[in-house]
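These are the structures, in structure tokens.
Look for chain A in each of the two complexes below; its partner is chain B in the first and chain C in the second.
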Partner chain A sequence: MTDSWQDPRSRRWRAVRGHAVLAVLGLLCVFPIYWLYATSLRRPGDVYSLSPLPWPLSWQSYADAASKVDVLGLLGNTTLVAALTSVGQLLTGLLAAYAFAAWEFRLKRVLYLAFVGTWLVPFQVTMLPNYVLLFQLGLLNTLAGVVIPTLCSALGVLLLRQHLAGFPKELLEAARMDGRSSWTTLWTVVVPNLRPALAALAILLFVNAWNEYFWPAMVLRRSNAMLQLGLRSFMGTEGDDWGPLMALAGLACLPVFLLYLVLQRHIVNAFVRSGLR
Partner chain B sequence: MFVEVVAPAPGSPPPRAARPPLGRRVVAGAQPYLYLAPALALLGVWTYRPLAQTVQLSFYSWNLLPSTPMTPVGLRNYQRLIDLPDLGQAAVRTVVVIVGLLPFSVVIPVLVGLVTRQVRDRARVVYQAMVFAPTLVAPVASAAVWQWLLDPGAGVVNKVLGTRLNWLHETGSAQFAIIVITGWSVLGFATLVVSAGLAGINGDYGEAAQLDGASRGQITRWITLPLLSPTLVFLVLMTVLLSAQWTFPLIDTLTQGGPARATTNVYYLLWDYSFHSYDAGLGAAAGVLLFAAFGLVAAGLVRLSERLSFHDD
Partner chain C sequence: MTRPRTRAGIALALGLALATSGCGLGSTEARQTPAAARVPELGPDQKVSIVFESYNFGQAGAWTDTFNELIGKFRQAHPNITVTAQKPQGNSANPATDTIPSVQSQLAAGNPPDVAQLGFSDLDFTVHQLGAKPLDDLVGRDAVQANFAGAKHPYAASARTLGDWDGRTYGVPFVFSTPVLYFNASLFQQSGLDPANPPKTWAEVGAAAAKIKAATGKDGAYLDCLTKEAKDWCFQSLVRSNGGRVLSADRKSLTFADEPAVEVVRLAQDLVKSGVSPKLAQKQGYEAFARGDIGMILETSAVQATFVKGAQGKWDLRSTTMPSFAGKPVVPTNSGASLFVFAGDPAKQRAAWELIRFLTSETAYVTISSKIGYLPLRTGLVDDPDGLKEWAAKNPLVRPNLDQLAHMEPWVSFPGANYLQIRDGMMDAVENAVYQGADPQATLSAARDRAASLVPGGVR
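== the complex of A and B ==
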């Protein structure tokens, strides 16, 4: 949207005000993360220092954390679980959202409510029966047991359906006229046009899976084989040892931050392009 | 002699045009169900089957040990829930959390979404990344860092404010702290949802209104917000239904429902009944009541949204 109908001074003033609001909010949001890494990089004797810059730098806290916890193993396991979970959720969600967007069918409303309804069923209500079922399937204490029960994300279905609701029906109709099957239409018409939404959703699902800790905690009772669990047990045993605790917490967040930094540009570009359409 | 002619019954089907053969119609009719099948199968096995089992469990008394049998107790679990004051108090605290989170999950994200449109591209990317960053922090990691920030002796918050408050262990401030920490981590996600919603709004409406002489505020109030309403309803619904879930890992790692139950919301109470008091039947009964209550609230919100939503058709 252009502001050509207003004079440049008021436009500049609005931009300054916008910058100020966003900068303050952004700094407030980022400060705890900054402090996490700042603390982890201080020398053990400086941990209680309030100086904004951690100087001189020291890797001692990371070395302490690594000596107590198998950091690489935790990272590997967590990456595997989060990747499998998010890909599975994206796939089941895409198929289901496509069904809701492209067809009118008798049970549509009921089945849609079945997805919305999962939000009403808290984890704490289903946890015990699910635990028993995993036990019967022999999947307790396995990573498969962590992944399989979470392969359908209602959030994914609902968000993709929101996006598909605005999808031009003419395109679907045109593909059908061309004699394409619904399966071909999904992958050649819908998915390419939905890429920004899919990319954003993929990141969200991956981050959710990465950060999930209650379900893994129940399934992997014998070990602390995933990052969140390792961090929690570290919090319990080394509670006030702030340097190593912040180092481990920082490592637990680092892969997600890097992933976001790499992919964020694609998402934003996609948003801008869809805005210009 | 005239015979009164019976009019055709009002429900009789109108004559139909020729239809495609039955086989093809069945295949075409089954298509949406086939696409839905994987997701529905997972829902059935991992959400609705256990829900049904929990309903069943709520009529039994059981201490979670495989060796002890479950004894049927009829409605006694529900009777106990109503007699105990816990549930009502926890429900009130849950409402407090939800209301406290709405600014973080709806109000600020909408403001940020509107303000970011007035900022140039490169700066916008930086601000969005800064606001989004906390969403990426794992709940346990954010519990760790906030415990450090709020530490009564050495924490930054107390040093900056010049206080020595034990934020997480005083009844007055613990709930407040949990709300702020949760809000901090939800804000970025909600902002992303709002940005996506704003990006999906066709700019032609705003331009048309602009040509007609509408001011920026008028465009926001009468065009942007109504078109954004499905997104807003989505966010409110999400906050109502999921806020107690969001706070759960923080409560479990930071306050364990205390001090003096000040941060015990309904989910934590449920968890407490099942896994601290080993009273699976009582926990199940509380879960069933919770499910029913949230179902009513959600149905109301969905109905409201259908009345309020405007669609960009």
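== the complex of A and C ==
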């Protein structure tokens, strides 16, 4: 009796079916991105066309976007904010996770649960107090105002604490016996061994910060100084300006696409390690 | 053994989390402004800074550029007044829907904008909850009326009182539209209809829509008045044109389940059921029209630029006045927004008034209409060779809107702090009946009964 799992024809057929399903799903995922670039390449009068091929091609939407918003400024500001936010979250996350993993102290568990708790509090709840604080500090309408309240991320603390929980205590003990201070131990023993996890988390945090829309929209009332706000500025009561909107969205995707291509392995790794698959 | 400690720990942790997250919310108490003292004129060297919030600054291109240009001109005319422009804060795709929450949150932070552009649908809330300042008290009724009279071209009479409450002017109407029937003359010709003689009644619209559908296979008509997204300005116009209203004149009873409103919904439902009106959301509707896939659309002139862009070189775009219900007069209502003052400081209040005067002046309307395409509320400008005569000649699409101003009635705002729930509940019911086939009378009655308790001092 032939086991169907062993039969090469059956196996091949199963593989073909599996790949066909994946191909269809892949096309479904890619289609909105294709439509984005297709619309951005239509002539302004054709943006409402439902034709699958943008023909004749036109760069007019890109020119319109460049004339209506400061594309380079938006890219620069967004890169700066995303980089500062992700570095800040990484640093605070590392320090907090190190403290939770390496030391025993009173109320440690309660404090850790408090961090977990803040992760469960929706951002909409903290938005108004943060906004009032920024107003009192005179930081509304500044990029610093966008960055500062987001410098600490519960996600970063939780993920790094999980990684550090599995860190060999013997290494920390050995470093202590070598006479290294806790600070030196962190940077010379822990961080080098935690580099893959830190890299993966940094990418996740950067992409999160890059895509953030809600908070910058709250803080930056006097300008559309970040990409996601610049995108929104093509939508409004008087109708949506789809051509430049798609052109700018296409440009906004490129840096993250590039980052993904270069660091694809780390990003997948990050999702696997964080259990977010 | 450890369970109680763990529970206590979790409770403490959650408490800490909430405390550290901060849960303070602003007060929602009514704050209608009492009569304010007259604000003095600014001294020649008196420097004042004010903040102007408008959703136009949220939209790139002609809107932001034109308003920045106007603010620049204002600074030249008033070098002692510094104006900082900002868009409403919020995360809606359409900044115009963020206006009220934005002012509310800034009021909660103690830092409201000095001048804000807010919609007519929010008038009751703006006056009674947000505490907009009565302009008649701040600068005097004579000054307010003198501004309406203008240097050469007065405001359209029907537009003057749109920002009034109890006989006092709180807001100066700034930009608005009335419902206009745009139509695709190319589809009319293909269907054997005469584009020079567009439908005058809703019965004619139904017949023309059926012809278009039969001859071209394209959709006949779309009314951008029947979804929650469209708000209720245009629905109110349909109901008023059928002899009804959505709120009683004493503002105490909801009347949107009365026969005139039900008839309107039934008519719209019939258009959809017969297949001549497509089941589309607001944006899908006007984008399909811009694409040339719908014969007629009842729409605000605010999206006219979208139609012009879509039609260019492809099909013939024309417009006409809103159709009537047989034998009844058409009652157009207005969409749009007014300019309100929220400044508390007398010097800022005076500076805010100067900005409003400037933005509603003849020169400003010439700039706004010619660069953005908004309707000039100083209608005489369209016949003035030094004003917008040339622009109006080049833009015949604006004419129906101007013609309708003469018999326009205000877009009525619902009363109380829960006005949006009332409005949205009504429009949900309308949408449900028109596009989901629910029974119009039963659906509207149920919505009215649910909302009745939200009307302050209301009666069923």
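Everything that follows uses one rule, which is that the second predicted complex is superposed on the first by the 202 of 277 C-alpha atoms of A that agree within 3 Å, B and C clash if a C-alpha of one lies under 4 Å from a C-alpha of the other, contacts with A are read in each partner's own complex, and residues count from 1 in each chain.
Quick note on the criterion: a residue touches a chain if its C-beta (ideal position, glycine included) is under 8 Å from a C-beta of that chain, and two chains touch if they have at least 3 such contacts.
Small disclaimer: the values here were computed from a predicted structure and weren't measured.
K.L.:
Scan A:V121 for contacts with chain B and chain C and give back first, second, both or neither.
P.N.:
In the superposition, A:V121 contacts both chain B and chain C.
K.L.:
Check the residue A:L194 against both partner chains and state whether it touches chain B (first), chain C (second), both, or neither.
P.N.:
neither
K.L.:
Once the shared chain is lined up, is A:G45 touching chain B (first), chain C (second), both, or neither of them?
P.N.:
second
K.L.:
Using the superposition on chain A described above, determine whether A:V146 touches chain B (first), chain C (second), both, or neither.
P.N.:
It touches nothing on chain B or chain C.
K.L.:
Could you say whether A:L227 touches chain B, chain C, both of them, or neither, answering first, second, both or neither?
P.N.:
Once the two structures are laid over each other on A, A:L227 reaches chain B alone.
K.L.:
Once the structures are superposed on A, label A:E238 by its partner contacts, choosing first (chain B), second (chain C), both or neither.
P.N.:
The second partner, chain C, only.
K.L.:
Report for A:V110: first if it touches chain B alone, second if chain C alone, otherwise both or neither.
P.N.:
Touch partner of A:V110: chain C, not chain B.
K.L.:
Return first, second, both or neither, reflecting whether A:A15 touches chain B, chain C, both chains, or no partner chain.
P.N.:
first
K.L.:
Looking at A:V69 after the superposition, I want to know if it touches chain B, chain C, both of them or none. Which is it: first, second, both, neither?
P.N.:
second
K.L.:
Given the superposition on chain A, which partner contacts more residues in chain A: chain B or chain C?
P.N.:
Counting residues of chain A touched by each partner, the higher count goes to B.
K.L.:
Shared contact residues on chain A, chain B side and chain C side combined as an intersection?
P.N.:
Overlap of chain B and chain C footprints on chain A: residues 48, 50, 111, 114, 116-118, 120-121, 125-126, 128-130, 213-214, 232, 235.
K.L.:
Please output the residues of chain A touching chain C within their complex, sorted ascending.
P.N.:
44-45, 47-50, 68-69, 109-114, 116-118, 120-121, 125-126, 128-132, 135, 141, 213-214, 217-219, 221-222, 224, 230, 232-241, 244
K.L.:
Using the touch definition from the top, list the residues of chain B that touch chain A in their complex.
P.N.:
Going through chain B, the ones touching chain A are 29, 31-33, 35-36, 38-40, 42-43, 45-51, 53-54, 57, 64, 108, 111-112, 115-121, 123, 125-149, 154, 156, 159, 184, 187-189, 192-193, 195-196, 199-200, 203, 206-207, 210, 216, 230-231, 234, 237-238, 241-242, 244-245, 248-249, 252-253, 267, 270-271, 274, 280, 283-284, 287-288, 290-291, 294-295, 298, 302, 311-312.
K.L.:
What does chain A use to touch chain B in their complex?
P.N.:
1, 3, 5-6, 14-15, 18-19, 21-23, 25-27, 29-30, 32-33, 35-36, 39, 48, 50, 91-93, 95-96, 98-100, 102-103, 105, 107-108, 111, 114-130, 133, 149-152, 154, 157-159, 162-163, 165-166, 182, 196-197, 200, 204, 207, 210-211, 213-214, 227-228, 231-232, 235, 242, 245-246, 249-250, 252-253, 256-257, 260-261, 264-265, 268, 271-272, 274-275
K.L.:
Going by the contact rule set out above, which residues of chain C touch chain A in the complex?
P.N.:
The contact residues of chain C facing chain A are 9-10, 12-14, 16-18, 20-26, 53, 55, 57-61, 63-64, 84-91, 93-96, 102, 105, 108-111, 283, 286-288, 290-291, 302-303, 305-306, 309-310, 312-314, 372.
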